[in-house]
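As structure tokens, here come the structures.
Next come two complexes built around chain A: one with chain B, the other with chain C.
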Partner chain A sequence: MRRALRKAVFAVLTLWIAAPLLPLLIWAFAGRWVYPALVPQEFSLRAWGQAAAPQQQVIAATGTSLALALTTALTATALGALAARGLVLYRPPAAGLVRLLLLAPVLVPPFALAVGVQEVFVRAGLSDHPTGVALVHLVPALPYTVLVMIGGFATYDLRMEQTARTLGASRTAVLRHVTLPALSPALLAAATLAFLVSWSEYLMTVLVGGGVVTTLPLLLFATAAGSGNQALTAVLGTLTVAPPVLLFGVGAALLRRNRAVWADPDHDPSPSFATPEIER
Partner chain B sequence: MTSSSSAPVPGLSLKRITVTYPGHREPVLDGLDLDVADGRLLALLGPSGCGKTTTVQVASGLLTPSRGAVHLGGTDVTRIPPEHRGVAVVFQQPMLLPHRTVLDNVAFPARMRGRSRRDARTAALAQLERVGLDALAARYPRQLSGGQAQRVALARALAAEPAVLLLDEPFSALDPSLRHTMRDLLTTVQRELAVTTVLVTHDQTEAAAVADSVALLDQGRLLQQAQPADLYARPASLAVARFLGCPTALPGHVTPQGRFACLLGELDLPDTVAHRGPGHLVIRPEAVQVGTGPDTVAAVVHSARPEGAFTALVADTAAGPVHVLLPPGTSPALSEHLRLRLPVAHRWVVPDRHSPAGPPSINGVAGPGPAAC
Partner chain C sequence: MLLAGRGSLADGLGRGWSLSAYEGFLHDPAFADSLLFSLKIATLSTTVSAALALAVVGAVSASRRGRAALETAARATLAVPHLLAASAFGLLLSGAGLVSRLTHAVGWTDGPADFPVLVADPVPSAVLLTYVWKEAPFITIMLLAAYTPAVRDLESAVRTLGAGRLRRLRHVTLPLLAPALTEACLLDFAFTFAAYEAPALLGATVPRALPVEAVELYRSVELDDRPAALALAVVIGMVIALVALAAATISRRLLRARTGS
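Let's look at the complex of A and B:
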């Protein structure tokens, strides 16, 4: 009974999330679809051909979006990890205040933040340039990576690194063999979040990019609002949805594999496998 | 205080080590001198917060001292980073790498020195056999019990072939029966390999059980370093005596004839007491007996409480309170008058020293104070 209920709730939730995606997929492959038909009268790949045309900038925008998201994921995760390490392991004075400041971008309403940030970036001469956009994407992404990495460092023990040092590991070897493996689940989660924040960022990109830097969300908004081309809008929508879904899938799979190694006290290998790769 | 012979070079030597943490006025280590004889096991004993862990950090190179030098086998290594120093540390928690198997954890030091994976694993397996865990080589640290994990940590430290092994409260997290097994393992392995070892502990029984010599640390200073039996029989100061569970201290002075003059009269002393002048007579509670006869002193029972099968008694004498550990069967009542025998062989006199911490006064010795000083 209870299991049935759980399954039902799961099904409803899945439908709730997936249902809006279905028309998107149908529209992307629709040739002619006139009211009141429930399904398109004709299917075609015309919209995909349009999207591939250079004058539509779709491919270029996808590239820009990917590059920005990957840069943001890498940079924000590295900075977030450093900030969290300092906050958790070395407990500086006023750690609470520093933490609050780092989280401020998600506490302040996005529009107020964007306008303020634009002002600063224009004055600093960083607007209308991909570098400026990459930098501005760090602003909303950092709070998430800091938060996730604070959690990651909560169970981390510095003596693990100290022990490794006394056993002959240099600082870089410690980073590679001790710190990064121990934090890999948190790092992966932080990077995924930062990627998503950058990938779907609209407001900051418009204000700081100044129309020069075109990303996928910008193109999607413009097409949806002004072109009346439903099929092309659907193609752009699909392109925007696919990478995050793929990323989440891969990330979840990696985390699951990780957990199998990290937290499986019942797993008891038989003694015959006790000494792999050793000739006795 | 450093009673070890002067000719051989010590395996590990700390010279005038001073460490002050940022934001603290008082140094954690205050001009600490410590020698560990080559191939021997030294127990570093002291109450918590006395600077034991800081000593480990300095010796291993994880912490650079504000002043002073660290010597290994006669060479100054103060500026050498931990990975090149050859001083392996085992902490209270095993600190195994969770994403590696037991075998690869033990192979880690050899891999860090650039040995091939196969060589490192073969050597690691030998170390695991030494601690009796070669059957668990393929497990992950999560799948080990606390005692097994700590044995793996010991094997891993030995795999680094260290010049000095530092063990920072390695058995404190284990339950008592396991602790005994681990002590035996440690002494066996240590004697076999003759690796210079420092065992940090707050447990005097553990220190006495495994160590060739014991260094007692308090407030960043070395109080005394001696063989365990000497430390108990001939404490250098009241602080040492009290830390080792000997709170009895009767004020007086040693006469030129070598007798102890106090409010109980003139008491005989063993020939080992070379001190002359003011001091305190100390005697361990286990050595004092209740008895009759001319060589006993009058006392009044002040307090009595059970301590395991024994009774811990405090009795007031004319010179001050005397602590007695009575065997099972006898339990005097409060305020009862009795006579105590203080066997001459167990008497010892701690000289009064006029240290900045204040000279031990007559008032300073009263009462059954806690063991920690």
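Let's look at the complex of A and C:
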């Protein structure tokens, strides 16, 4: 009875999660799908061909999105790790306040952030430029990386570094063989979150990029809002959703393997993926 | 944020000081409508997501395997961008969408016009569904992170003392999860109140959500609209600040209640 109930709960959950993604997948491969048919009358790859055409900018936009997301992931993770290291290991005065300030951008409305920053960027020549967009993506990504890295440093023992140093290891050797391996699960989780934040960003990219910087979400929004081309919307949607889901899968698998080596799962306060989200 | 505040207090060219942008709101019934509309979206989606997340966590958290499966499912949903969720719900719920086709196949509706209007309706059903779909997993993950072995130990301790399922929930589980729940709800409210994508794609033209209104004004060619857009940004920020303050008060009370007893 209880097992049946649990199975039913999971069936409903699966359906609930899959429901919006199902029409997306069908539409991406539909040639002709006129109401009220439940399955397309024709399947085709036409929309994919359409997306590959150069005038649609899809390939270029995917490249821009990837470059922005990777830059954000690297920068935000590095900065987040440094900030967390300072906050956790050296306990500066007013650490609580600093921490609060670092986390505050999660609550700042993206519109306010973009228009405020725009004023500065116009003067600095950064608006309508990928660098400016990358900088503004950094703002919502940083709180997540800081938070995850604080969790990562909570179980980190500074004495391991000191031990390695007394044994004659150079600073770079310590970084490579002690610090980075010990923090790798948290670093990976932080980078994944930062990548996701940047990859899904729409409004700030539009406002700061000024229509010059085109990313995949921009194309998706334009197609979904204006064109009525549902097949192309679905193709763009599939392109947008595939990398995050893949990344999530790979990240989770890597994390599981790493954790087995580096931490006793029962005592791990589980920084990583358990901490907030994304892509606000 | 500060720069936006400065800009909102100026005339159309960003010079001088004036409150005219804010005065404009007082005389504009559309502003009140938008504000109410955004508050409604944020409050409803947060409440429903939180209730759903609590129910699901309560239902499956007893078993280790159930928790792991729930966490995987919730994380997978978290990875989906909001914009994508909104477009997908558009394909699912529009007049000729998949759900409408299903109800037609079963014989409940006669055609696209017979299907209830969920997209681009003054009642933002599609927006709310999108948000619940995205935010319930978020709150679930925050709750699961707070649902530590220590909480489970306390639960079983109380159980051996003879407390039933409901009393355990009321006196042990809920109070211990309350701080995480408050925090998750605050983040959720702040996000849904300020987000542009979903109401822009799935909402009606009247009333418009505040962020959508702000973006429209910001892009308008009229010079006077610019301070108004910036003033809207300030209003959005202030509402979120107020909610954050309330959340901080609540969590401080919660902490005091726990340590005091």
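Following the convention adopted for this analysis, the second predicted complex is superposed on the first by the 255 of 280 C-alpha atoms of A that agree within 3 Å, B and C clash if a C-alpha of one lies under 4 Å from a C-alpha of the other, contacts with A are read in each partner's own complex, and residues count from 1 in each chain.
The rule is simple: a contact is a pair of C-beta atoms (placed from the backbone, for glycine too) under 8 Å apart; a residue touches a chain by one contact, two chains touch by 3 or more.
A quick note: this is a predicted structure, and the numbers were derived from the prediction, not measured.
By the touch criterion defined above, A:E119 reaches chain C but does not reach chain B. Of the two partner chains, neither chain B nor chain C is touched by A:G80. Once the two complexes are laid over each other on the shared chain, residue contacts for A:P143 go to neither chain B nor chain C. Of the two partner chains placed by superposition, A:G209 touches none, neither chain B nor chain C.
Chain A is touched at more residues by one of its partners, and among chain B and chain C that partner is C. In the superposition on chain A, contact is made by A:S200 with chain C only, not with chain B.
Applying the stated contact rule after C-alpha superposition, one finds that A:W16 touches chain C and leaves chain B untouched. Within chain A, the residues touching chain B in one complex and chain C in the other are 273-278.
Put simply, chain A touches chain C in their complex at residues 6, 9-10, 13-14, 16-17, 19-24, 26-27, 35-38, 106-113, 115-117, 119-120, 196, 199-200, 202-203, 207, 217, 220-221, 224-225, 230, 233-234, 237, 240-241, 244-245, 247-248, 252, 266, 270, 273-280. Across the complex, chain C meets chain A through its residues 1-4, 7, 56, 59-60, 63, 66, 69-73, 75-92, 96-98, 100-102, 104-105, 111-112, 130, 133, 138, 141-142, 144-145, 149, 186-187, 190-191, 193-197, 200-201, 211, 214-215, 218, 229-230, 232-234, 236-237, 240-241, 244. In the complex of the two chains, the chain A residues touching chain B come out as 157, 159-160, 162-170, 173, 177-178, 181-182, 261-265, 267-269, 271, 273-278.
Partner chain A is touched in their complex by these residues of chain B: 60-62, 81-85, 87-91, 93, 95, 97-99, 103, 108-109, 112-113, 117-118, 121-122, 125, 134-140, 142-143, 153, 156-157, 160, 162, 166.
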